[in-house]
Amino acid sequence: MGQQTTQGTVEAGFESVREEFAAVTAAEDDDYAAQLTVYHHGRQVVDLWTGPGFSGDSLTGVYSCSKGAAYLVTALLVQDGTLDLEQRVSHYWPEFGAAGKQHLTVRELLAHRAGVVGATEGFSVDELADDRVVAERIAPQLPFWRPGTAFGYHALVIGALIGEVVLRLTGRSIQQHFEERVRAPYGLDFYLGLPPEQESRFLTTLPMRPTPEEQAQVDAEDPAGPYSLLNIAFNQQRPDAPAVETLPNHRVVRAKGPASVGGVASARGLARMYAAAISGTDGLPPLLTPETAAVFGQIQSVGLNLVTGNPSTYAVGFSAVADLYPALGAGAIGHPGADGSQSFADPSSGLAYGYSRRRFAFPGGPAAENGRLVRAAHAAATLAG
Amino acid sequence: MGQQTTQGTVEAGFESVREEFAAVTAAEDDDYAAQLTVYHHGRQVVDLWTGPGFSGDSLTGVYSCSKGAAYLVTALLVQDGTLDLEQRVSHYWPEFGAAGKQHLTVRELLAHRAGVVGATEGFSVDELADDRVVAERIAPQLPFWRPGTAFGYHALVIGALIGEVVLRLTGRSIQQHFEERVRAPYGLDFYLGLPPEQESRFLTTLPMRPTPEEQAQVDAEDPAGPYSLLNIAFNQQRPDAPAVETLPNHRVVRAKGPASVGGVASARGLARMYAAAISGTDGLPPLLTPETAAVFGQIQSVGLNLVTGNPSTYAVGFSAVADLYPALGAGAIGHPGADGSQSFADPSSGLAYGYSRRRFAFPGGPAAENGRLVRAAHAAATLAG
Amino acid sequence: MGQQTTQGTVEAGFESVREEFAAVTAAEDDDYAAQLTVYHHGRQVVDLWTGPGFSGDSLTGVYSCSKGAAYLVTALLVQDGTLDLEQRVSHYWPEFGAAGKQHLTVRELLAHRAGVVGATEGFSVDELADDRVVAERIAPQLPFWRPGTAFGYHALVIGALIGEVVLRLTGRSIQQHFEERVRAPYGLDFYLGLPPEQESRFLTTLPMRPTPEEQAQVDAEDPAGPYSLLNIAFNQQRPDAPAVETLPNHRVVRAKGPASVGGVASARGLARMYAAAISGTDGLPPLLTPETAAVFGQIQSVGLNLVTGNPSTYAVGFSAVADLYPALGAGAIGHPGADGSQSFADPSSGLAYGYSRRRFAFPGGPAAENGRLVRAAHAAATLAG
């Protein structure tokens, strides 16, 4: 069991979140390393970390939490009046209009309804690092399902697809927009494309380490075949395919910061981005108006996720995280990462949340401890008013 | 265990329903009070009640069974050719066409697809009592989900929304139509707006009384937050919000009879309304043609109910009750109430059913005993031919 | 436990499939009789059978595996450019455009979205044998659900409905197309309309024989009523309705070969048809281009099947069988039969599979042993490359 000290600070009224974080730590292994940061109405109220060699300044790959950055840029362009969610993707990007996808709207693309979840023949690491290569490969594809009638997680490609729309429309990449409009002005520790000078703070993600019971559970399942939707979406068609958990451990991925899974951040960076989005931070105004936040928090897809095989709820790109954390309001928007990380904003309570961990949690996706931590943070925020 | 006598009468061939009702009573607490009335091809064949201070003439709030009355009026207007299900709501009610709802049809509204399930800031009891106030507050709202792509129970507002359509179109409220075309001519003990002279028969609803095991089950769940879809839809955002179970206990609610939850009836009234709808009663013709009944029994929404979090099946407004009671035919239409009441018509067997109870059943919604009672009634009707 | 010998042959590399088939046999009753044939890249690699009086040449009713033949004909007509999936059914067949079905496309019809799953008043055996009679009865019906918004298995009528489209468009029945373009040229032991001279090879299907535990499980369920969607779709409205399991035991059904359930085949016939579809056999080219196979393998309907009450996934007519057998690729297409039979092609692995059994398996639909057999066949094919 974890013997590490919980480090960092909490504001008055949020002591219970520190206690919960310490309780999570105590239940984990000795090498558990994690960060938790929470903002309330734009003010940092929780900033905790634990684990050997880990600090509040440590950076790790945050996997699909990266998507939140891409969707925030998208929301800004919609708010500007530059991008129209009702417009067809093929209007901005003609090559995408092939094989029955000509009527698909930007809104449907963001809701994971396009049905082009991966490339049957697979991608190399270098290809996955480059959003333009991914977009070019996906554009001509026949969807695996009828566009608009179902949905499934476009795990490694959605960032490239919305990125291509943004690039065609504005002449600039999502990564550039994020750096200029979001990361730099708000001082976020969250990079889509990690500069060399920040490399020293980066720590590689450690592989999942199932318990014998967890491994037995995996072994008892009928495994998905190489050309299942699951393995196409996660690019696991071949025995030598790059494991998802290693992706940001490759410098080429970190350096280019593909918008689906290439982001590098601390929990501080995750939480501060969502605080900047709905509340503003340190005197800077919120990035999104309440109207834009509500538009992007509107539920678009609900039911069986054809890729993961689990029930899911997507807003406009963002995960509708209230389906995981019942305490949150109907318009809460965020995104988890495969490593176990989680990040969101809850306009109804003014909370912004970032959680990151160094070792992949079993069985992948938002780690179970987020349930306890979110509940504690929401309860404290409710008392704080 | 309940020691009360089962009172009332059953026709020859329906003795088994009386036995089932007595068995239900025996399994309940001593203060269990309930009514059960069944019609078969327009003739009353079961009329039973039990419980201290309760009689077949007693009236209670029937909560969402009220919606059945509103949908029956709607069906009559469609049957007349006055109202068009395919028309957009905003055609009849321009203010509703705001915030992305301009294309929503009357059919989709009735299928709980509009996505405007409540008011974020909440309603007072006086506001909930007045369908026009509710409609005015809901009209400008951004839907919580993309209209038409998902559905969820518009628990306290659907009656006001279809009511506003009816009022704008005909100049008369749903309550007026119901009184003039349905309640008065068919002599129903079912009021949307209880007249003062009937007040003496009204008994307040008693609060839910979970067993320790049931309470433990509730306590073990991660509770929904104040701005969850569930609590917005049931108007429970604030600690001082009016509890749903108390609504018809307020005279202002009973007096105005809001179409979502404000109805007051006996089981006789519930069953007789549905008998009048599909079979006619006492020499009066059926209100609906078989064609209209089939149109309103057509399934419109199926899957995860975004408000309740449970699977649901809606026809045109009405609940497609065969999903709860497998013995019923595909076109059966009805509606349960939060207190545990249930009411429906099953055209395939000629059954019309009303059940009401004084104390809220755990955990809310159609009480479990309806399963036994419906099965018994359907079996007896099948033998009766 | 089954003591029969496994007969037949497997190619080198597929011995494990023989072992699995023998293990299945050992776990069944003494009168278990079944056939299993597998093709790999157009070459027969597994051809096994077991059971008293059964051989590889035996023919049985294959129930809904028949639909695969109908869909293959449909795919050929789309590939030819003769039939347009996006066209409205009523364009080809005006009478179908009644009661709200005028906009339904051929694609939606094939995806079980039409909502006309049966005739409320029921069909006789003679009527079910004749696709034109079934089509004429269904055409004017009001759908049980809003066309396009939900789906459910059109168990006994889908073949007649697409058959009528084919007949109106081409002047020839699906049965004629199948015989001329598929069965005869590829030498398939799979008939939609069994010629008298093949009758001697036909063996009637034996009724389901639940264990006491299985029967208790059935008895514990609240049974579906006669006018439930389930019983309308399976034509079980009346106590004297013809049992589904007896349908191909009637000569009139076998002789006419209605496309929904009237096919007669061996496992060899089933597997060879799917091999012919995607790979070709014995020097003959594949019937379908990879593009056509992908178009027909695209998922169209996913979620709750309103008829069976179970989750289902339909491609364009075909079952998207990867939802049952995770090892298969995303574009695998096939169809099971109510008796327990199964049949499919998996383009990603080059597998074509046919399994047939003489006695209905509990509880109906694809028999559980297919899970083991498919896994073994896929594993062997993967090693074979």
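All chains are identified by letter, namely A, B and C, in their written order; residue positions are counted from 1 within each chain.
Note that in this section a residue touches a chain if its C-beta (ideal position, glycine included) is under 8 Å from a C-beta of that chain, and two chains touch if they have at least 3 such contacts.
Please read all numbers here as calculations on a predicted model, not as lab measurements.
A.B. asks: Please state whether the interface between chain B and chain C is built from the same residues or different ones, using more than half shared residue numbers as the mark of same.
C.D. replies: Different; most numbers are used by only one of chain B and chain C.
A.B. asks: Chain A and chain C are the same sequence; what rotation (0 to 180°, nearest 5) superposes their CA atoms?
C.D. replies: 120
A.B. asks: Please tell me the distance, in whole Å, between the geometric centres of chain B and chain C computed from their C-alpha atoms.
C.D. replies: That gives a centre separation of 42 Å.
A.B. asks: Return the residues of chain B touching two or more other chains; collapse runs of consecutive numbers into ranges.
C.D. replies: If we look for residues of chain B contacting two or more partner chains, we find 303.
A.B. asks: Considering the complex alone, what residue numbers of chain B touch chain C?
C.D. replies: Residues in contact with chain C: 107, 111, 291, 294-295, 298-303, 311, 322, 325-331, 348-349, 371, 375, 378, 382.
A.B. asks: Considering the complex alone, what residue numbers of chain C touch chain B?
C.D. replies: 115, 120, 142-146, 149-150, 222-229, 232, 303-304, 306
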